[in-house]
Amino acid sequence: MSIPFFVFFACAVLAIAGALVLIVSREPIHSALALVLVMISLAILYLLLGAPFIAAVQIIVYAGAIMVLFVFVIMLLNAGVEERTNWSKLAKYAGLPLALILLLETAHWLFHAPIGVAIANGPGAPAPAASTTQLSLELFQQYLFPFEATSILILIAILGALVLARKEE
Amino acid sequence: MPILSHLWIILALPLAGAAINGLFGKRWPQSAVNSVAVGSVSLAFLAVLELVREFSHLAQDQIPYVGNYFTWITAGSFRVDFSLQVDQLTIVMLLTVSFVGMLIHIYSTGYMAHEGGYYRFFCYLNLFMFFMLTLVMAANLIVMFVGWEGVGLCSYLLIGFWFLKKSAADAGKKAFITTRIGDLGFMIGLLLVFWTFNSESFGEIFLQAGHMRAESATHVGVLTAICLLLFAGAVGKSAQLPLYVWLPDAMEGPTPVSALIHAATMVTAGVYMVARMHPLFSRAPIAMFAVAVVGAVTAFYSATIGLVQTDIKKVLAYSTVSQLGYMFLACGVGAYAAGIFHLMTHAFFKGLLFLAAGSVIHAMGGEQDMMKMGGLRKKIPITYWTMLIATLAIAGIPGFAGFFSKDEILEAAGAGPHANLWLWLLGVIGAGLTSFYMFRLVFLTFFGRPRFDEHKVHVHESPKNMTVSLMILAFCSIFGGWFAAPHLVGGTEYFEHFLHPVFSSYAVQAATEQAGSLAGNPGAEGGMASSPAMELLHALTGWPVIVGILGLLVAWWFYIKKPEAPKLLAQKIHGLYLLLLNKYYVDEIYAALIVRPLLWISTNVLWHGVDQGLIDGIVNGSARVARESGGKVRELQSGNTRSYAAWVVIGAVGFTVLLLGILGMVVH
Amino acid sequence: MSVVPISWYLVLSAILFGLGVIAFVFKRNIITIFMSIELMLNAVNLAFVAFARARNQLDGLVFVFFVIVVAAAEAAVGLAIVIMLARNRESLNVERINLLKF
Amino acid sequence: MTALAYLTWFERKVVARIQSRWGPYYVGAHGLLQPLADGLKFLFKEDVTPPASDRFVYLLAPFLALSLALTAIALIPFGPPSVRFPNGQSVFVVSDIDIGLLFLFAITSIGVYGVALAGWSSNSKYPLMGSLRSSAQMISYEVSLTMSVVGVLLLAGTLNFNEIISRQSGHFFLHWNVIHTGYGYFPQIIGFLCYLTAAIAETNRIPFDLPEAETELVAGFHTEYSSFKFAMFFMAEYANMLTVSCLATILFFGGWLSPLPDSWHWQLYLPGAGLLLLGLYTAYDTVANMRGIAQLQFAVVTALALGGGAICLIPVVMPIIQGPFWFTTKVLVFIFFYVWVRGTLPRFRYDQLMSFGWKLLLPVSLANLVITAFVIILPKLGHP
C-alpha cells in the first residue's frame, strides 16, 4: 500500500470522522473544530491532487479566517449546548432517509451515469502539479471578470456585515 | 423659408403655452399667465402671417406643401407619418383660426379676470388652439383625427369649466358623448379609407380617388360609404341634425369659449373636413345630396327654434347651428369655396356676436335672459354698435360680410350644377328667419325701456382688452366680405381664385365646370349683366337681401312698434309656440328613445348581469380559489427553518432523480 | 507508485456532502447549520479539484477559488445576521425563530 | 527547544539591562541555568485543570499552539539549499515547497485557534475576554501582515523562500528588498515597517499583548493554565516570535545572504572569529571574576565557544556555516528589537488597537502594495 493511498485513506477517515462529529456533538465549538479538521484533511487531499495553492488558500481562508470567525461568534454569543427540541416532524422523520437517498443517488451518479463513468475511469495519472503561475494566469486572464465581480461581492458583503452587526443607537 | 420648413413651430407655440401654464400657472399671477397664453397665440399668429408670405412665393406645383416630421405609427402595411401640409385651404383656415383665437384670448383676459382657475382656463384654451391648428394643418386623416378628438376633449373641458355647476358638467358630458356618436362614424370611415386606398395621407388618397370613376345616384360604391361615414363625424362635430343637441347646452361654458370653440373654430371643423375631402365627396353624389339636405334642413330648423328663445346665448347657439347648416349646404351643392368663405365670415361675425353678448352679460352682471334687459344702447355704446354691425352682417344686409358669403351659397344652391329649388327655398326662408331673430335679439337687448332693476344692476362698459377685440372683429365683419366680392357688384372673385386650385385639382368634370362658371366667366368681368345666366343671378341675388330686410322690419314691428304683439301671437298659435320654445321636444324624444333604453340595458344587463354576475363572479371566484388553496398551502409555511431545509433536500433529491432519469434515457 | 483513482475522491466528496445535508437538516443551532453548509461547499470543492485533476484543466481550481471567496462573503454576512438574531431573540435555536409562521 | 528556552533568558537579560537591573543572576553564573530551572519547575509543578473547563479543547489548545509554531519554523530555510547531506537532503532547508510562504501563513493563521480555544475552554471570564480580544486582533492584523508582504512577492514573483532570497543577491546588501531601488523596483521599507508592526501584534507581544494584559485580565487567555501547558504557550509565543523574525529576514533582509561583497574573502572567517572572541571574553571572565561552581560553568561555556569557533575555522565547514551565521545574526537583531520594544513601549488600549490596525496600518500597506505594483508595471507598459 503506497504512500498516496495511505494519505488518502487517513485524510478521508479524518474528514468523515470530522463530519460525523460535526453532526453528533451538541457543543457548537466542537462542531467548529470538527469542521476545521475536515477542512485541513481536505487541504491535504488537495495537495495530494496536486493543487497546493488551493490547499493553502483552503487553509488560510477557510480554516484560518472563516472558521475563526465562526469560533469567534460562538464565543461572542457564548453559544451553549444546543437544546433538544423536535418541532419539525418533517426534518425528524424525512431528513435522514432523504439524505441517504441523496447520497445513494450521488454515488449512483458517479458510477453509473455516463459522465460519472467517463471520469471514474478517467486519467488518474498524476498531472503535473498545477503551478501557481498557471493558476494565476487562468484567473487573471480568462476569469478576470468573475474575479472582479467577486471582489465587488466581498466589498458589499463587508458593508452588509457592518450594517447588520452595528448596534442601533 | 423658416416657417414653411418648420411648420411644427406653429403647433409648438400654443402647446408650449399650455404646458407652461398648466405646470406652473397655478402659482403665477394673472399677468404672467396672460402674457404666456396670449403671447404664445399671438406668436403663432405672426408665424402664420410669415407662413402666408412664404407661401405666396411657392410655385404652383409645390402646392400642397407637405412636411414630414417623423414616422408615427407603423404596423404592417399601415404606416402613418406625422406630417403637416399647407395649401390655400389650410392658409384660410390658419388665418381665421389663429386670428380669431388670438382676439378671443385677449378678450378672455378681461372676461375671466374675476374667475377662479384662471391658469386652468388659459391652459385649456391654448391646448385647444394647438389641437385646432393640428386639425387644420394635418396632412393625413390620422393626424387630423388627433386634432379632431383633441378639440373635442378641450371643448369638453371648457364647457365643464365651472365643473362645480352640475348643469355645466352635464353639458360637457353631453357634448362629449354626442360628438362621440359622430366620431364613431368618422373612425369607421378612417378604417374604410385605409381599406380602400391603403393609405391615410391626403395626397395619396386624392391621387387614387382622382383615377376612380365618379359614382352616380344609381351606382353607389365605397366612396359614398366613406363620405357618409365621415359626414357622420362632421354632423356630430358641427352640430347638425340630428346631433345638434349638444351645442345649445354647451353655452354653459364661459362665453369666450362659446365664441371661440362653439362659433368660430371647432364647430366648423366638420365643414373644413368635408371641404378637405371634396375629391371623395365630389365623386359621391348621394353623399353630396345628403350633406346638402342636412345642411339646408338644419339651417331652417334651428332658425325656427331661434325665433323664440329668450336666453341671449341660446339664440346665438341656434343661429350658429343654422349658419353651419348653410356651410354644409354650400359644400353639398359643390360650392366648397363659398362654404369656406362663409365659414370665415361667420367666424368673424359670430365670434363678434358672442363676444358682444358676453360683454352684455358682463355688463348685466351675469344676466342672460333678454327679457330682463333692454335699453342698453346708451349705457354700453361700443358693445351696442359692434353687435349691431355683426347683426347686419349675419342678416345678410348688403355691404356686410355675411351678405357676400350667404349670397354665394344661395347662388350656388339655386344656380350651381347641383342646384335644387327646395334647398334654395329652405335656405332663403332660413335667411329671413335669421335676420328676424337676430334683430329681435338686438331690439330686446338694446332698445325699449330697461326691464331690470337699475339700482341692483349697475351696467358698465367692459374693459379695454374686451372692447378692442370687439372693434377689430367688427371691422372684419364689415370688410371681411369684400375679399370675395362677386362680380355682380363689380368685385373680382378674389377668394374664389385663391381657393380655386385646391378645389379644381382633383375635381371631376362637373366640379371644374362649376368652378369655371363661378370663377373664370369672361362675361362676368366688370359686373355688366349681359347673359341670361347673369339675369337669373341678379334675380336670385335679390332674394336673400329682400328676406333679410323683411325680417328686420318684422322684428322692428314686433319689438319696437308693438311690444305686446309677440304675446298675442304666442297665444294665437300656442301649440307651435310651445313646440318651438321647447325646441321640438327633441331632447325629450332622445331621452325617451335612446337614453332611457340605454340606461335600462346598461343597468340591468351590463351592470347587474355582466358586471356583477359574470366579471365579479370570475374575479371573486379566482380570489376565492386563491384564498382557499393558499389556506391549504400555507400549512407548509411552518416558520420552522428545519422543515424548510427538509423541503430543500426533497427538492434536491427529486431533481437528481429527474436528472438521472433523463440521463438514463439519453444513454439508453 | 500507483495513484488514487479520481472516483474515490468523488465518492468521498459525495459522502461528505451527504453528511453535510444530514447536519443541515438535523442541527438546531443556527451556527451549526451554517457550518454544515460550509461542509457541503467543501465537499463540492473536493469534487471540483478532483475533476480538474481528471481533466487536467485548471478551471476547476479557479471555481474552487471562487467558491471559497463567495463562502467567505457569505459567512461574513450570515454571521452578522446570526449576531443580530442572537441580540433580538436571545436564542440560536432555529426552531424558536419562527416569526414567519403562517 | 533549548534555543527557545534561551531566548527567554536573552530577553530577560536585555529587558533587565534596559531597566538597569541585573536580571536572572543566581541560577548559574549570570543566570545561565535559569531556563533549565524554569523548565524543570514547569515540569514538576502540579497540573491544574479547572473543573468547569471543556476538557478536550482545554488540552488541545496548547498542543495546537506549540506544534503549529514549531511547524512554522520547519519551513524556514536557514541556509542556502545548495548545501546538502550525502543523501541529497538539504541541510538547512527542512522542506522546500513551491509556495512555502503561503503555507507559513496558513499555519500561522491556524495558530489563532490556540489562543482562542484556550480562552474558551477554560470557561472563565478573563480568559474568554483575552481570547476574544486576541482572535479579533489576530484576524485583523493578519490582513495587513499579508498585505505588507505581497509587495515583496510582487518583486520576487514567486512564493518560494529560496527564490525570494536568491532574487535579493548581488551588490552585497543593496538588493535587499528593504532598500532595493531601481528601474521596476520599489524599496519595501514601508512594507517592512507595516510588517514589523503587524508581526508584533500577530505574536501578541507588547505593545499589542492585549490577550494577556496582566493589568487588566489577570493573564489573559492562559490564566487558567499552569505548569507545562503554560510552558507550551510560553514557548509557542517565542517560537512565533522567532518565525516572524525569520520571515522578516528572508523577505526584507536577504535571508542568509551576506551583506559583504563576495570579493572580501576574509568574511569567511567571521563566524569563527566571532565565536573565538566570545570564548576569549568568557575565558577572561572565568579567570578574572568567577569563583567556584560559576567558574566551572563559565569554563564550559568558554570551551563551547572556543570549540565552536575552531570548528567554524575548519576550511570544509567554513563555507557551510556562512549562511546560518548571517541568518542567525539578522534574526538575533530582530529578536533584540522585539525585546527592546517590549522594554520601551506601553500597551495599547483595545479600541486604539483596532482603529490603528484597520484605519492606519491596512491602508498604508495597501498603498504600498498599489505603488509597488505600479512601479513594476510601469516599465512594461510601453511594450506588452
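Lettered A, B, C and D in written order, each chain numbered from 1.
The definition used in the following text is that a residue touches a chain if its C-beta (ideal position, glycine included) is under 8 Å from a C-beta of that chain, and two chains touch if they have at least 3 such contacts.
Just so you know, these numbers come straight off a predicted model, no measurement behind them.
Visitor: Taking each chain's centre as the mean of its CA atoms, which one is farthest from the centre of subunit D?
Guide: Looking at centroid distances, B is the chain farthest away.
Visitor: Which one chain sits nearest the middle, judging by mean Cα positions?
Guide: If one averages C-alpha positions chain by chain, the most central is C.
Visitor: Quick one: report the Å distance separating subunit B from subunit D, using the average Cα coordinate of each chain.
Guide: 100
Visitor: Taking each chain's centre as the mean position of its Cα atoms, how many Å separate subunit C from subunit D?
Guide: 36
Visitor: Would you kindly tell me how far, in whole Å, the mean C-alpha position of subunit C lies from that of subunit A?
Guide: Using C-alpha averages as centres, the distance is 5 Å.
Visitor: Taking the mean of the C-alpha atoms as each chain's centre, how many Å separate subunit B from subunit C?
Guide: Subunit B and subunit C have C-alpha centres separated by 76 Å.
Visitor: Which residue numbers or ranges of subunit C touch two or more of the other chains?
Guide: Within subunit C, the residues that touch at least two other chains are 21, 25-26, 28, 95.
Visitor: Counting only residues that touch at least 2 other chains, which ones in subunit A make the list?
Guide: Residues 53, 57, 65, 69, 74, 76, 87-88, 91, 95, 98-99, 102, 106 of subunit A touch two or more partner chains.
Visitor: Spell out, as numbers or ranges, the residues of subunit D touching 2 or more other chains.
Guide: none
Visitor: Every touching chain pair, please?
Guide: Applying the touch rule to all chain pairs gives A-B, A-C, A-D, B-C.
Visitor: Residue numbers of subunit A touching subunit C in their complex, please.
Guide: Where subunit A meets subunit C, its residues are 2-5, 8, 12, 15-16, 19-20, 22-23, 28, 31-32, 35, 38-39, 42, 45-46, 48-51, 53-54, 57-58, 61-62, 65-67, 69-70, 73-74, 76-77, 79, 82-88, 91, 95-96, 98-100, 102-103, 106-107, 110-111, 116, 119-127, 130, 134-135, 138-139, 142-143, 146, 150, 153-154, 156-158, 160-162, 164-165, 167.
Visitor: If we count contacts the way the header does, which residues on subunit A are in touch with subunit B in the complex?
Guide: 87-91, 94-95, 98-99, 101-102, 105-106, 108-109, 113-115
Visitor: Tell me, which parts of subunit A touch subunit D in their complex?
Guide: 27, 29-30, 33, 36, 40, 43, 52-53, 56-57, 59-60, 63-65, 68-69, 71-72, 74-76, 78, 129, 131-132
Visitor: How about subunit C: which of its residues touch subunit A in the complex?
Guide: So the residues of subunit C touching subunit A come out as 1-12, 14-23, 25-29, 31-32, 34-36, 38-39, 42, 45-46, 49-56, 58-59, 61-62, 64-66, 68-77, 79-84, 86-87, 92-93, 95-96.
Visitor: Okay, in this complex, where on subunit C does subunit B touch?
Guide: Those residues of subunit C that touch subunit B are 21, 24-26, 28, 30, 33, 94-95, 97-102.
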